[in-house]
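Heads up, the next two complexes both have chain A, just with different partners, chain B and then chain C.
Showing the complex of A and B:
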């Protein structure tokens, strides 16, 4: 059974703007899924729907086979959540915040909480407001995982952290994965973090799922073909080809992204548009992202 | 043994791990029977997903370069465990690519051979026939890394 199962989910922002449109995503136990997309692409909305904080306007949501709107407590006890804008009570001491969370979760693992607190070197007596941003995020992570959730939702968990604190956060998440096999859905603008952590990538664009793929497949079976500004082939012609995901115009030439390995793309171009010599490159995540959502010029 | 990975590199992370372990075995820095870091430890050390490390180890095992013993760990395979036919096929596919590239850029066979000697030295491999290091003295060539050709191909590519 899948840990998360979203089927044909629609959601609106206040004001009737479509936030998610026909989104279907599922996550298996132990899988790490990176969620990427520009600001406003629908990442946070998707997380909130997965948690049951929002109901979908249309479509179905199941966590562990349960409807989070009907089984709110049962579902929340099995998930952990950390977000960039999460606010812990500033006047409380770290140990009080931890106590608070312990009281909410019957499966709380004191030994794990202690181990994490020690690793983070955060004094239990410290007040939240005296902590650095990175330390506060670590306390939030501790509180999100010490009940050993089956699913961890991380919404921009590294947002606002310096590189060292970000890496530390990733290291802890990897250790948790190793220890507990928790499934993780995390959104991030740091594509190198996604590349390190994730087994699968889901890219949202304008509220739709643009890419949902195993990360290695994505790296090995996608390529970018470059065409000079000689008008040998049109944008429309390329877009109509099987496997073409997008075409961008840059400095007069065209750049087309294909869901095919470079050699296959070359072959396809030769057979269909009679251009056998367009350079086809493998492409990193960051470039892929820009090719898909970047502007035309 | 220390590994280093670079997200954003042209190769996916599991291939970067495979390449470095393959190089270390070929270059004798990892000897037959030597123990590798556990998948969990390596995932934590490199800060990458445990499934990525598992994938790299699974592939290396399929290629006969390492073997996993339940409960004991993962070890560099003895030479005998490497399927010579499979290795040969790998090499052949790579050689085809190398030769067609050489032809395209007007590089002669002799120059390619010279290049191979240079690469051999770079990787710290014993010259063939010397039987030094972990090669066992019987002249068996060490299993070579496939990475100079970017990607191993199981099927031979048709000549074009």
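Showing the complex of A and C:
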């Protein structure tokens, strides 16, 4: 059974803004999935739907086989959640926040909490408002992982943190729990983090899933073809080809992203548009993201 | 950017429409009380000084809770505007807003002119006086923490605010009957103080203000923080689950703007006050209070106005494994507890502290002596026409019952009458017979009229001219005297409070959906609040139009309650109906709460500008 199962999920905000459209994502136990997309792509909405904090307008959502809106308490007890928006109450002391979480999660691991608290060097008597942003996020992380959740949802958890704090945060959370078989879904704008931590990448664009692939496949099976500015082929013609994910104009030429290995892309281009000498090469995640976002029709 | 443009985009001006509504409603409520006093005084025009308090309160609420401390927005600090420019624009905006609110308040007074006799022509002069004093107060307040874009709430600020408010009130009282030219004194002082303060404003405001609430934001933990973790630290210690869970959840939910950690206290005080007023507890000190029913919409209004801010912290607990039903109980239980506590306290004051529900009074005015038996309003009667029954004693003496039309508009319509009073001069024996009947009706205890004459009345001829010993202390004289069961009062009051409140809360919770925008949510909240407030002050125009009579409404209500308690079957049916209504309304509100989808950024749902949101 999948830990997370979203099928054909739609969500809409005020003014008819479509936040998610026909999104289907499933995550198995132990998988680390990076969720990427430009601002407003629907990442936070997807996370909040998974948490049961929003209900889908259409489609089904199951976590551990349960409906997170209907079995909210049972589901949330098995989830750790940290988001950029979810700020801890500033007026509470760290120990009170931790105390609350310990009382709410039956699987709370005191030893792990203690270890993390010492590692983060946070005073239990300090009020949240006296902590730096990074430290406050560390307290949130401690609360999210110390009950050893079966699923960890991290929505831009490291947003606003410096590179060192970000790395420490992600490594702590992801490495610590993934070793124990926890499934992790984390969204980030830092594609290097995703490349380093995730097994699989889900890319959202305008509320739709554009890519859902494991990273190894992504590295092997995606390529970028470059066409000079001579008008030999049009953007529309390229977009109509099987496997073409996006075409972007740059300096008069065209850059087309294909869900094919470089050799397969060259072969396809020769067969379909008669251009066999277009340079094709593998592409990094960050470049792929830019090509995809900029190359959508 | 010109001063005028900066002034017009200042929050003191931008929020003026909402504050005008609040001011108008506040003034309406106070004018209602003054109108009652005027009515009791036979319509005599009140002196202008009588209006100082309502007008002062309008400006006092604004200065205390309005956008006075916030001199600009953080964004303005990034614009090429000097702090002096921002300071001057904000001070000007606050002065202008204060003057406009005073005018709005005075306009309400004039609008209710029919209730107040002829409103004094000195009202305009009073507005000018108070506006000048307000200008001085604003400039004085703006002298605090000149380096700050927003003045932190500190003991110093509170002291300054209290001083300013007292000074405005004192000036209003002193200058109420004086010439308008007197206003030049505070106005000139305000100008001089503004000039002097303006020169002391630094070139730029600080974004992070030290001292007060802002201080903590700028501090950083000491490097030895980890030392605090001991075996007793919660992360390593023994379980303390139950206590911690509830106390922390309540601490989170009830620490919301504008009152912060004092929310629960403020909430309890206001709701308990509503409960106490609804229980008629105030009648322990002030007899003949007809306004009890007005506090039904008042209590609903207070409870609903608190519900909005209580949604502010839900985002903190939403990701936690706490059921929505539990959260709903956590939000509703303190309200219910405060209401019941207030009602209980009022009931205690009314039934224990007040000695007698039946009283006999004698008053002489302009050579005429009035005698009357006072009974609770529920024991008065309503006749369909002005033809009220004659009161005939066993020995044949007969007089008409005292009466008054239920509606001033319909003098020939339904009429309130007292079966225990007559407007005629009657014999001492007849007065004693009336009092004896009242005691029988209210207490179910029989006291022979002869005994009343002998024990309490001073008689000359056959008329009562005084009360022996000054009063009729029935409960002191007759041990064990207690009123007859009064009917399911609490049950009815609870249902009439809880059901409308929960229905309004249901409507409000339906706006917490992803597809509903923040603006729509706010519009719904303020509209529902306005409806609740209209219920609170709606009686004033109805009274003025002669459609509603407060005493009549209260008699009808209390007679209904007495009737509902007459037989065990009706009583049980009343309880069952009230309980079913409350449970149904609760389930309806809970159903909407269970479906709540919280926005990622919560709204404060308060006009009060009292401290930054304490995330």
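Going forward, the second predicted complex is superposed on the first by the 290 of 297 C-alpha atoms of A that agree within 3 Å, B and C clash if a C-alpha of one lies under 4 Å from a C-alpha of the other, contacts with A are read in each partner's own complex, and residues count from 1 in each chain.
To be clear about the criterion, a contact is a pair of C-beta atoms (placed from the backbone, for glycine too) under 8 Å apart; a residue touches a chain by one contact, two chains touch by 3 or more.
Since we're looking at a predicted model, the values are computed, not measured.
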| item | value |
| --- | --- |
| Touched partner set for A:14, first chain B, second chain C, both or neither | second |
| Which of chain B and chain C A:199 touches, first, second, both or neither | first |
| Which superposed partner A:162 touches (first chain B, second chain C, both, neither) | neither |
| Partner chain(s) touched by A:271 [first = chain B, second = chain C, both, neither] | neither |
| Which of chain B and chain C A:28 touches, first, second, both or neither | neither |
| Which partner, chain B or chain C, touches more chain A residues | C |
| Residues of chain A contacting chain B in one complex and chain C in the other | none |
| Touching residues (chain side chain C, partner chain A) in the complex | 216-217, 219-223, 225-229, 233-237, 239-242, 244-245, 248-249, 251-252, 255, 260-261, 313, 315-316, 318-324, 514-518, 520, 595, 597-598, 600-601, 614-615 |
| Touch list for chain B against partner chain A, complex | 7-15, 40, 43-44, 46-52, 55, 151 |
| Interfacial residue positions of chain A with respect to chain C in the complex | 11-15, 19, 44, 48, 51, 53-55, 57, 72-77, 81, 83, 85-92, 95-105, 110-111, 113-114, 117-118, 121-127, 129-132, 135, 142, 146 |
| Residues of chain A defined as touching chain B within the complex | 30-32, 167, 170-171, 174-175, 177-178, 191-193, 195-199, 215-216, 219-220, 282, 284-286 |
